[in-house]
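When the chains are written out, they are named A, B, C, D and E in that same order, and each has its own residue count from 1.
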Amino acid sequence: MNLGRVIGTVVATRKEQSMDGIKFMLVRHVDPEGKETGSFVVAADAVGAGPDELVLVATGSSARQTVATDKRPCDAVIMAIVDSWDVDGTEKYKK
Amino acid sequence: MNLGRVIGTVVATRKEQSMDGIKFMLVRHVDPEGKETGSFVVAADAVGAGPDELVLVATGSSARQTVATDKRPCDAVIMAIVDSWDVDGTEKYKK
Amino acid sequence: MNLGRVIGTVVATRKEQSMDGIKFMLVRHVDPEGKETGSFVVAADAVGAGPDELVLVATGSSARQTVATDKRPCDAVIMAIVDSWDVDGTEKYKK
Amino acid sequence: MNLGRVIGTVVATRKEQSMDGIKFMLVRHVDPEGKETGSFVVAADAVGAGPDELVLVATGSSARQTVATDKRPCDAVIMAIVDSWDVDGTEKYKK
Amino acid sequence: MNLGRVIGTVVATRKEQSMDGIKFMLVRHVDPEGKETGSFVVAADAVGAGPDELVLVATGSSARQTVATDKRPCDAVIMAIVDSWDVDGTEKYKK
(Lines give C-alpha, C1' and ligand atoms only; values in the text may rest on other atoms or scores of the structure.)
Protein backbone atom coordinates (compact mmCIF):
# COMPACT_ATOMS: atom_id res chain seq x y z
CA MET A 1 0.00 0.00 0.00
CA ASN A 2 0.99 3.63 -0.35
CA LEU A 3 0.67 6.41 2.18
CA GLY A 4 -1.13 9.48 0.88
CA ARG A 5 -2.99 12.64 1.75
CA VAL A 6 -6.46 13.35 0.33
CA ILE A 7 -6.12 16.65 -1.55
CA GLY A 8 -9.37 16.81 -3.49
CA THR A 9 -12.13 15.09 -5.42
CA VAL A 10 -12.76 14.36 -9.09
CA VAL A 11 -16.28 14.64 -10.53
CA ALA A 12 -17.17 12.46 -13.51
CA THR A 13 -20.78 12.09 -14.59
CA ARG A 14 -20.20 10.05 -17.76
CA LYS A 15 -18.56 6.79 -16.77
CA GLU A 16 -18.77 3.01 -16.89
CA GLN A 17 -22.13 2.33 -15.26
CA SER A 18 -20.72 0.10 -12.51
CA MET A 19 -18.80 3.14 -11.18
CA ASP A 20 -22.03 4.98 -10.25
CA GLY A 21 -21.91 6.04 -6.61
CA ILE A 22 -18.13 5.65 -6.31
CA LYS A 23 -16.37 8.76 -4.98
CA PHE A 24 -13.07 9.59 -6.69
CA MET A 25 -10.43 11.16 -4.45
CA LEU A 26 -7.19 12.85 -5.47
CA VAL A 27 -4.47 11.48 -3.22
CA ARG A 28 -0.91 12.79 -3.11
CA HIS A 29 1.68 10.24 -2.03
CA VAL A 30 3.50 10.90 1.23
CA ASP A 31 6.82 9.40 2.34
CA PRO A 32 7.65 7.95 5.78
CA GLU A 33 8.82 11.42 6.91
CA GLY A 34 5.36 12.78 6.07
CA LYS A 35 6.54 14.78 3.07
CA GLU A 36 4.60 14.76 -0.20
CA THR A 37 6.57 12.97 -2.90
CA GLY A 38 5.08 14.76 -5.91
CA SER A 39 3.30 11.72 -7.33
CA PHE A 40 -0.42 11.14 -6.91
CA VAL A 41 -3.28 8.79 -7.74
CA VAL A 42 -7.04 9.03 -8.21
CA ALA A 43 -8.51 6.45 -5.83
CA ALA A 44 -12.03 5.24 -5.10
CA ASP A 45 -13.03 5.81 -1.49
CA ALA A 46 -14.10 2.70 0.44
CA VAL A 47 -13.91 4.14 3.96
CA GLY A 48 -15.37 7.66 3.95
CA ALA A 49 -12.09 9.59 3.88
CA GLY A 50 -12.26 13.37 4.14
CA PRO A 51 -10.11 16.23 2.87
CA ASP A 52 -6.55 16.34 4.25
CA GLU A 53 -6.78 12.93 5.88
CA LEU A 54 -3.78 10.62 5.68
CA VAL A 55 -4.81 7.32 4.11
CA LEU A 56 -3.59 3.99 2.79
CA VAL A 57 -4.20 3.28 -0.90
CA ALA A 58 -4.18 -0.24 -2.39
CA THR A 59 -3.69 -0.54 -6.15
CA GLY A 60 -4.12 -3.10 -8.92
CA SER A 61 -6.54 -6.00 -8.59
CA SER A 62 -6.38 -5.58 -4.81
CA ALA A 63 -8.25 -2.31 -5.29
CA ARG A 64 -11.31 -4.38 -6.21
CA GLN A 65 -11.34 -6.36 -2.95
CA THR A 66 -13.68 -3.99 -1.13
CA VAL A 67 -17.47 -4.01 -0.94
CA ALA A 68 -17.56 -0.70 -2.84
CA THR A 69 -15.22 -1.63 -5.69
CA ASP A 70 -15.81 -5.37 -6.32
CA LYS A 71 -15.81 -6.22 -10.08
CA ARG A 72 -15.47 -2.55 -11.04
CA PRO A 73 -12.88 -0.92 -13.36
CA CYS A 74 -11.08 0.59 -10.39
CA ASP A 75 -7.31 0.23 -9.90
CA ALA A 76 -6.81 2.25 -6.71
CA VAL A 77 -8.83 2.36 -3.49
CA ILE A 78 -8.55 4.12 -0.15
CA MET A 79 -8.99 1.15 2.21
CA ALA A 80 -7.81 2.67 5.51
CA ILE A 81 -7.52 6.03 7.28
CA VAL A 82 -4.19 6.41 9.06
CA ASP A 83 -4.15 7.25 12.79
CA SER A 84 -0.38 7.31 13.22
CA TRP A 85 2.90 5.80 12.14
CA ASP A 86 6.40 5.53 13.49
CA VAL A 87 9.85 5.12 11.93
CA ASP A 88 12.71 3.53 13.88
CA GLY A 89 10.82 4.09 17.13
CA THR A 90 9.96 7.77 16.51
CA GLU A 91 6.38 8.81 15.89
CA LYS A 92 6.31 10.59 12.52
CA TYR A 93 2.58 11.27 12.29
CA LYS A 94 -0.35 11.33 14.69
CA LYS A 95 -3.82 12.37 13.66
CA MET B 1 -6.73 5.73 -11.71
CA ASN B 2 -4.77 8.30 -13.65
CA LEU B 3 -5.93 11.65 -14.98
CA GLY B 4 -5.25 12.14 -18.69
CA ARG B 5 -6.12 14.08 -21.80
CA VAL B 6 -7.14 12.30 -25.01
CA ILE B 7 -4.60 13.44 -27.63
CA GLY B 8 -5.27 11.02 -30.49
CA THR B 9 -6.19 7.58 -31.72
CA VAL B 10 -4.23 4.50 -32.79
CA VAL B 11 -5.39 2.41 -35.76
CA ALA B 12 -4.51 -1.29 -35.78
CA THR B 13 -6.18 -3.63 -38.26
CA ARG B 14 -4.20 -6.77 -37.46
CA LYS B 15 -4.79 -7.68 -33.83
CA GLU B 16 -5.96 -10.36 -31.42
CA GLN B 17 -9.50 -11.08 -32.67
CA SER B 18 -11.18 -10.27 -29.35
CA MET B 19 -9.99 -6.65 -29.75
CA ASP B 20 -12.18 -6.08 -32.85
CA GLY B 21 -14.35 -3.03 -32.36
CA ILE B 22 -12.24 -1.61 -29.51
CA LYS B 23 -11.13 1.99 -30.05
CA PHE B 24 -7.55 2.74 -28.98
CA MET B 25 -6.97 6.24 -27.62
CA LEU B 26 -3.66 7.98 -26.96
CA VAL B 27 -3.91 9.57 -23.52
CA ARG B 28 -1.31 11.89 -22.02
CA HIS B 29 -1.18 11.90 -18.24
CA VAL B 30 -2.11 15.12 -16.48
CA ASP B 31 -1.20 16.13 -12.91
CA PRO B 32 -3.55 17.67 -10.30
CA GLU B 33 -2.56 21.15 -11.55
CA GLY B 34 -3.79 20.17 -15.03
CA LYS B 35 -0.30 20.07 -16.56
CA GLU B 36 0.74 17.21 -18.83
CA THR B 37 3.40 15.09 -17.14
CA GLY B 38 5.09 13.76 -20.29
CA SER B 39 4.06 10.14 -19.83
CA PHE B 40 1.21 8.57 -21.77
CA VAL B 41 -0.76 5.36 -22.30
CA VAL B 42 -2.77 3.76 -25.09
CA ALA B 43 -6.17 2.98 -23.57
CA ALA B 44 -9.31 1.27 -24.83
CA ASP B 45 -12.32 3.56 -24.77
CA ALA B 46 -15.30 2.30 -22.74
CA VAL B 47 -17.24 5.57 -22.49
CA GLY B 48 -17.14 7.34 -25.86
CA ALA B 49 -14.39 9.85 -25.05
CA GLY B 50 -13.55 12.47 -27.68
CA PRO B 51 -10.42 14.40 -28.60
CA ASP B 52 -9.05 16.73 -25.91
CA GLU B 53 -11.38 15.41 -23.22
CA LEU B 54 -10.01 14.93 -19.72
CA VAL B 55 -10.56 11.33 -18.63
CA LEU B 56 -9.83 8.76 -15.96
CA VAL B 57 -7.84 5.70 -17.03
CA ALA B 58 -7.80 2.42 -15.07
CA THR B 59 -4.94 0.01 -15.70
CA GLY B 60 -4.03 -3.62 -15.09
CA SER B 61 -6.66 -6.29 -14.61
CA SER B 62 -9.11 -3.55 -13.61
CA ALA B 63 -9.01 -2.40 -17.24
CA ARG B 64 -10.93 -5.57 -18.11
CA GLN B 65 -13.84 -4.82 -15.76
CA THR B 66 -15.92 -2.98 -18.37
CA VAL B 67 -18.51 -4.35 -20.80
CA ALA B 68 -16.23 -3.40 -23.71
CA THR B 69 -12.99 -4.92 -22.41
CA ASP B 70 -14.06 -8.03 -20.45
CA LYS B 71 -11.66 -10.98 -21.02
CA ARG B 72 -9.65 -9.04 -23.61
CA PRO B 73 -5.87 -8.41 -23.74
CA CYS B 74 -6.35 -4.82 -22.67
CA ASP B 75 -4.39 -3.28 -19.78
CA ALA B 76 -5.72 0.30 -19.84
CA VAL B 77 -9.25 1.63 -20.24
CA ILE B 78 -10.90 5.03 -20.22
CA MET B 79 -13.72 4.38 -17.75
CA ALA B 80 -14.85 7.96 -17.00
CA ILE B 81 -14.91 11.43 -18.54
CA VAL B 82 -13.92 14.12 -16.06
CA ASP B 83 -16.27 17.07 -15.44
CA SER B 84 -14.13 18.85 -12.86
CA TRP B 85 -11.73 18.43 -10.00
CA ASP B 86 -10.51 20.49 -7.08
CA VAL B 87 -7.32 20.57 -5.01
CA ASP B 88 -7.33 21.88 -1.42
CA GLY B 89 -10.67 23.58 -2.05
CA THR B 90 -9.69 25.29 -5.32
CA GLU B 91 -11.25 24.18 -8.60
CA LYS B 92 -8.38 23.20 -10.90
CA TYR B 93 -10.41 22.05 -13.92
CA LYS B 94 -13.96 22.46 -15.13
CA LYS B 95 -15.17 21.16 -18.47
CA MET C 1 -1.08 -0.55 -23.72
CA ASN C 2 2.32 0.69 -24.79
CA LEU C 3 3.52 1.62 -28.26
CA GLY C 4 6.71 -0.15 -29.32
CA ARG C 5 8.92 -1.18 -32.18
CA VAL C 6 10.01 -4.82 -32.63
CA ILE C 7 13.84 -4.74 -32.54
CA GLY C 8 14.70 -8.42 -32.22
CA THR C 9 13.95 -11.85 -30.86
CA VAL C 10 15.03 -13.80 -27.79
CA VAL C 11 15.76 -17.54 -28.04
CA ALA C 12 15.23 -19.68 -24.94
CA THR C 13 15.21 -23.47 -25.18
CA ARG C 14 15.00 -24.26 -21.47
CA LYS C 15 11.77 -22.79 -20.13
CA GLU C 16 8.51 -23.49 -18.34
CA GLN C 17 6.91 -26.14 -20.55
CA SER C 18 3.74 -24.15 -21.21
CA MET C 19 5.85 -21.54 -23.01
CA ASP C 20 6.80 -23.98 -25.79
CA GLY C 21 5.99 -22.49 -29.18
CA ILE C 22 5.74 -18.92 -27.87
CA LYS C 23 7.91 -16.44 -29.77
CA PHE C 24 9.69 -13.86 -27.57
CA MET C 25 10.15 -10.43 -29.17
CA LEU C 26 12.33 -7.57 -27.98
CA VAL C 27 10.21 -4.42 -28.16
CA ARG C 28 11.54 -0.91 -27.57
CA HIS C 29 8.95 1.56 -26.31
CA VAL C 30 8.07 4.46 -28.59
CA ASP C 31 6.44 7.75 -27.56
CA PRO C 32 3.55 9.53 -29.36
CA GLU C 33 6.10 11.43 -31.49
CA GLY C 34 7.47 8.08 -32.71
CA LYS C 35 10.75 8.41 -30.81
CA GLU C 36 12.17 5.48 -28.87
CA THR C 37 12.05 6.15 -25.14
CA GLY C 38 14.97 3.95 -24.09
CA SER C 39 12.91 1.43 -22.15
CA PHE C 40 11.96 -1.97 -23.57
CA VAL C 41 10.12 -5.21 -22.83
CA VAL C 42 10.32 -8.84 -23.92
CA ALA C 43 6.83 -9.71 -25.17
CA ALA C 44 5.19 -12.88 -26.46
CA ASP C 45 3.88 -12.48 -29.99
CA ALA C 46 0.17 -13.21 -30.46
CA VAL C 47 -0.27 -11.62 -33.90
CA GLY C 48 2.70 -12.55 -36.10
CA ALA C 49 4.63 -9.29 -35.75
CA GLY C 50 7.81 -8.91 -37.79
CA PRO C 51 11.05 -6.98 -37.34
CA ASP C 52 10.73 -3.18 -37.22
CA GLU C 53 6.95 -3.25 -37.01
CA LEU C 54 5.21 -0.82 -34.68
CA VAL C 55 3.03 -2.72 -32.24
CA LEU C 56 0.84 -2.44 -29.16
CA VAL C 57 1.95 -4.37 -26.09
CA ALA C 58 -0.39 -5.30 -23.22
CA THR C 59 1.17 -6.18 -19.87
CA GLY C 60 0.25 -7.85 -16.60
CA SER C 61 -2.60 -10.36 -16.37
CA SER C 62 -4.05 -8.86 -19.55
CA ALA C 63 -1.07 -10.36 -21.39
CA ARG C 64 -2.64 -13.77 -20.75
CA GLN C 65 -5.94 -12.91 -22.47
CA THR C 66 -4.90 -14.16 -25.90
CA VAL C 67 -5.25 -17.63 -27.42
CA ALA C 68 -1.45 -17.95 -27.48
CA THR C 69 -0.74 -16.88 -23.90
CA ASP C 70 -3.74 -18.10 -21.86
CA LYS C 71 -2.67 -19.49 -18.43
CA ARG C 72 1.03 -19.07 -19.24
CA PRO C 73 3.73 -17.27 -17.20
CA CYS C 74 3.73 -14.39 -19.65
CA ASP C 75 3.43 -10.75 -18.52
CA ALA C 76 3.67 -8.94 -21.87
CA VAL C 77 2.08 -9.68 -25.24
CA ILE C 78 2.03 -8.05 -28.65
CA MET C 79 -1.71 -8.02 -29.28
CA ALA C 80 -1.91 -5.60 -32.25
CA ILE C 81 0.18 -4.30 -35.14
CA VAL C 82 -0.13 -0.55 -35.56
CA ASP C 83 -1.20 0.89 -38.94
CA SER C 84 -1.11 4.55 -37.94
CA TRP C 85 -1.71 7.03 -35.17
CA ASP C 86 -2.36 10.74 -34.86
CA VAL C 87 -1.75 13.35 -32.17
CA ASP C 88 -3.91 16.49 -31.96
CA GLY C 89 -5.10 15.93 -35.54
CA THR C 90 -1.64 15.39 -37.07
CA GLU C 91 -0.67 11.94 -38.36
CA LYS C 92 2.51 10.94 -36.51
CA TYR C 93 2.98 7.46 -38.01
CA LYS C 94 1.68 5.59 -41.03
CA LYS C 95 2.87 2.13 -41.95
CA MET D 1 9.81 -9.83 -4.76
CA ASN D 2 11.64 -6.88 -3.27
CA LEU D 3 14.19 -6.84 -0.48
CA GLY D 4 13.36 -4.45 2.34
CA ARG D 5 13.98 -3.49 5.93
CA VAL D 6 11.09 -3.10 8.40
CA ILE D 7 11.36 0.49 9.66
CA GLY D 8 8.06 0.95 11.44
CA THR D 9 4.34 0.31 11.71
CA VAL D 10 1.24 2.14 10.55
CA VAL D 11 -1.85 2.27 12.78
CA ALA D 12 -5.24 2.59 11.10
CA THR D 13 -8.43 2.02 13.07
CA ARG D 14 -10.94 3.00 10.38
CA LYS D 15 -10.50 0.64 7.45
CA GLU D 16 -12.20 -1.85 5.15
CA GLN D 17 -13.57 -4.43 7.60
CA SER D 18 -11.69 -7.37 6.04
CA MET D 19 -8.41 -5.69 7.03
CA ASP D 20 -9.15 -6.07 10.77
CA GLY D 21 -6.27 -7.81 12.49
CA ILE D 22 -3.78 -7.15 9.67
CA LYS D 23 -0.58 -5.47 10.82
CA PHE D 24 0.76 -2.77 8.48
CA MET D 25 4.53 -2.48 8.32
CA LEU D 26 6.61 0.33 6.80
CA VAL D 27 9.30 -1.32 4.68
CA ARG D 28 12.17 0.55 3.04
CA HIS D 29 13.54 -1.13 -0.07
CA VAL D 30 17.12 -2.38 0.07
CA ASP D 31 19.41 -3.14 -2.88
CA PRO D 32 21.64 -6.22 -3.31
CA GLU D 33 24.49 -4.33 -1.57
CA GLY D 34 22.25 -3.89 1.47
CA LYS D 35 21.81 -0.14 0.96
CA GLU D 36 18.40 1.48 1.31
CA THR D 37 17.18 2.74 -2.07
CA GLY D 38 14.96 5.54 -0.80
CA SER D 39 11.68 3.98 -1.93
CA PHE D 40 9.34 2.18 0.46
CA VAL D 41 6.03 0.36 0.73
CA VAL D 42 3.41 -0.29 3.39
CA ALA D 43 3.02 -4.08 3.54
CA ALA D 44 0.78 -6.45 5.47
CA ASP D 45 2.74 -8.81 7.68
CA ALA D 46 2.10 -12.53 7.06
CA VAL D 47 5.12 -13.93 8.93
CA GLY D 48 5.54 -12.03 12.19
CA ALA D 49 8.34 -9.71 11.09
CA GLY D 50 9.88 -7.42 13.69
CA PRO D 51 11.55 -4.02 13.60
CA ASP D 52 14.79 -3.81 11.59
CA GLU D 53 14.38 -7.27 10.07
CA LEU D 54 15.27 -7.78 6.43
CA VAL D 55 12.28 -9.21 4.56
CA LEU D 56 10.90 -10.15 1.18
CA VAL D 57 7.81 -8.29 0.01
CA ALA D 58 5.47 -9.59 -2.71
CA THR D 59 3.19 -7.08 -4.43
CA GLY D 60 0.09 -7.02 -6.61
CA SER D 61 -2.38 -9.89 -6.65
CA SER D 62 0.38 -12.16 -5.31
CA ALA D 63 0.14 -10.21 -2.06
CA ARG D 64 -3.25 -11.86 -1.50
CA GLN D 65 -1.90 -15.42 -1.74
CA THR D 66 -1.27 -15.79 2.00
CA VAL D 67 -3.58 -17.07 4.72
CA ALA D 68 -3.58 -13.60 6.29
CA THR D 69 -4.34 -11.58 3.18
CA ASP D 70 -6.59 -13.79 1.02
CA LYS D 71 -9.39 -11.79 -0.70
CA ARG D 72 -8.38 -8.59 1.10
CA PRO D 73 -7.62 -5.14 -0.41
CA CYS D 74 -3.92 -5.63 0.21
CA ASP D 75 -1.33 -5.09 -2.53
CA ALA D 76 1.91 -5.78 -0.61
CA VAL D 77 2.77 -8.52 1.87
CA ILE D 78 5.84 -9.54 3.84
CA MET D 79 5.95 -13.25 3.00
CA ALA D 80 9.47 -14.15 4.16
CA ILE D 81 12.13 -13.04 6.64
CA VAL D 82 15.60 -13.01 5.09
CA ASP D 83 18.41 -14.99 6.75
CA SER D 84 21.13 -14.13 4.25
CA TRP D 85 21.95 -13.42 0.64
CA ASP D 86 24.98 -13.47 -1.58
CA VAL D 87 26.01 -11.65 -4.75
CA ASP D 88 28.52 -13.19 -7.19
CA GLY D 89 29.68 -15.61 -4.47
CA THR D 90 30.13 -13.00 -1.73
CA GLU D 91 27.83 -12.96 1.29
CA LYS D 92 26.26 -9.50 1.42
CA TYR D 93 23.97 -9.99 4.41
CA LYS D 94 23.69 -12.45 7.26
CA LYS D 95 21.19 -12.09 10.06
CA MET E 1 9.16 -10.18 -19.43
CA ASN E 2 12.46 -8.71 -18.38
CA LEU E 3 15.96 -9.83 -19.29
CA GLY E 4 18.22 -10.43 -16.31
CA ARG E 5 21.35 -12.07 -15.02
CA VAL E 6 21.28 -14.34 -11.97
CA ILE E 7 23.69 -12.74 -9.47
CA GLY E 8 22.93 -14.63 -6.29
CA THR E 9 20.46 -16.35 -4.00
CA VAL E 10 18.41 -15.27 -1.00
CA VAL E 11 17.93 -17.63 1.96
CA ALA E 12 14.77 -17.27 4.03
CA THR E 13 13.80 -19.96 6.53
CA ARG E 14 10.81 -18.21 8.08
CA LYS E 15 8.24 -17.64 5.36
CA GLU E 16 4.66 -18.23 4.26
CA GLN E 17 4.40 -22.03 4.34
CA SER E 18 3.42 -22.36 0.67
CA MET E 19 6.83 -20.94 -0.28
CA ASP E 20 8.67 -23.98 1.17
CA GLY E 21 10.98 -25.45 -1.44
CA ILE E 22 10.97 -22.34 -3.65
CA LYS E 23 14.45 -21.05 -4.49
CA PHE E 24 14.82 -17.26 -4.42
CA MET E 25 17.25 -15.83 -6.95
CA LEU E 26 18.67 -12.31 -7.10
CA VAL E 27 18.37 -11.14 -10.71
CA ARG E 28 19.85 -7.94 -12.06
CA HIS E 29 18.04 -6.49 -15.07
CA VAL E 30 19.95 -6.36 -18.34
CA ASP E 31 19.17 -4.16 -21.36
CA PRO E 32 19.11 -5.26 -25.03
CA GLU E 33 22.82 -4.34 -25.31
CA GLY E 34 23.57 -6.81 -22.50
CA LYS E 35 24.41 -4.10 -19.96
CA GLU E 36 23.09 -4.28 -16.41
CA THR E 37 20.58 -1.48 -15.80
CA GLY E 38 21.07 -1.15 -12.04
CA SER E 39 17.62 -2.39 -11.08
CA PHE E 40 16.98 -5.92 -9.80
CA VAL E 41 14.32 -8.31 -8.57
CA VAL E 42 14.13 -11.34 -6.30
CA ALA E 43 12.51 -14.08 -8.39
CA ALA E 44 11.41 -17.65 -7.70
CA ASP E 45 13.19 -20.14 -9.92
CA ALA E 46 10.92 -22.38 -12.02
CA VAL E 47 13.54 -23.69 -14.46
CA GLY E 48 16.73 -24.54 -12.55
CA ALA E 49 18.70 -21.40 -13.40
CA GLY E 50 22.30 -21.20 -12.21
CA PRO E 51 24.64 -18.38 -11.24
CA ASP E 52 25.46 -15.89 -14.02
CA GLU E 53 22.86 -17.28 -16.41
CA LEU E 54 20.83 -14.86 -18.51
CA VAL E 55 17.13 -15.42 -17.88
CA LEU E 56 13.64 -14.14 -18.56
CA VAL E 57 11.61 -13.03 -15.56
CA ALA E 58 7.81 -12.73 -15.58
CA THR E 59 6.19 -10.57 -12.90
CA GLY E 60 2.80 -9.96 -11.35
CA SER E 61 0.05 -12.58 -11.44
CA SER E 62 1.82 -14.18 -14.42
CA ALA E 63 4.58 -15.18 -12.00
CA ARG E 64 2.11 -17.66 -10.49
CA GLN E 65 1.43 -19.47 -13.79
CA THR E 66 4.15 -22.09 -13.30
CA VAL E 67 3.98 -25.49 -11.65
CA ALA E 68 6.37 -24.26 -8.94
CA THR E 69 4.61 -20.99 -8.09
CA ASP E 70 0.87 -21.67 -8.58
CA LYS E 71 -1.27 -19.99 -5.87
CA ARG E 72 1.81 -18.80 -3.98
CA PRO E 73 2.66 -15.24 -2.79
CA CYS E 74 5.24 -14.89 -5.52
CA ASP E 75 5.32 -11.88 -7.86
CA ALA E 76 8.39 -12.70 -9.99
CA VAL E 77 9.50 -15.96 -11.56
CA ILE E 78 12.38 -17.07 -13.76
CA MET E 79 10.44 -18.93 -16.47
CA ALA E 80 13.13 -19.28 -19.16
CA ILE E 81 16.90 -19.44 -19.57
CA VAL E 82 18.11 -17.32 -22.48
CA ASP E 83 20.24 -18.94 -25.21
CA SER E 84 20.70 -15.84 -27.35
CA TRP E 85 19.10 -12.65 -28.60
CA ASP E 86 19.57 -10.26 -31.47
CA VAL E 87 18.84 -6.58 -32.02
CA ASP E 88 18.26 -5.18 -35.52
CA GLY E 89 19.84 -8.29 -37.04
CA THR E 90 22.97 -8.30 -34.86
CA GLU E 91 23.49 -11.03 -32.27
CA LYS E 92 23.93 -9.29 -28.91
CA TYR E 93 24.24 -12.36 -26.68
CA LYS E 94 24.98 -16.02 -27.17
CA LYS E 95 25.35 -18.45 -24.29
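By definition in this document, a contact is a pair of C-beta atoms (placed from the backbone, for glycine too) under 8 Å apart; a residue touches a chain by one contact, two chains touch by 3 or more.
Keep in mind it's a predicted model, so treat the numbers as computed, not measured.
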{"item": "Intersection of the contact lists for subunit C and subunit D", "value": "E"}
{"item": "Homomeric contact subunit D-subunit E: same or different residue positions, threshold half", "value": "different"}
{"item": "Rotation angle (°) superposing Cα atoms of subunit B on subunit C, nearest 5", "value": "70"}
{"item": "Subunit A-subunit D separation of Cα centroids, rounded to whole Å", "value": "20"}
{"item": "Gap in Å, rounded to a whole number, between the CA centres of subunit E and subunit A", "value": "32"}
{"item": "Multi-partner residues of subunit E (each touching 2 or more other chains)", "value": "59-61, 63-64"}
{"item": "Graph class of chain-chain contacts, one of line, ring, star, complete, other", "value": "ring"}
{"item": "Sequence of touching chains round the ring, subunit A onward through subunit B", "value": "A, B, C, E, D"}
{"item": "Interfacial residue positions of subunit C with respect to subunit E in the complex", "value": "7-16, 18-19, 24, 26, 28, 40-43, 51, 59-61, 63-64, 71-76"}
{"item": "Residues of subunit E touching subunit C in the complex", "value": "1-3, 31-32, 46-48, 56, 58-67, 69, 77, 79-89, 92"}
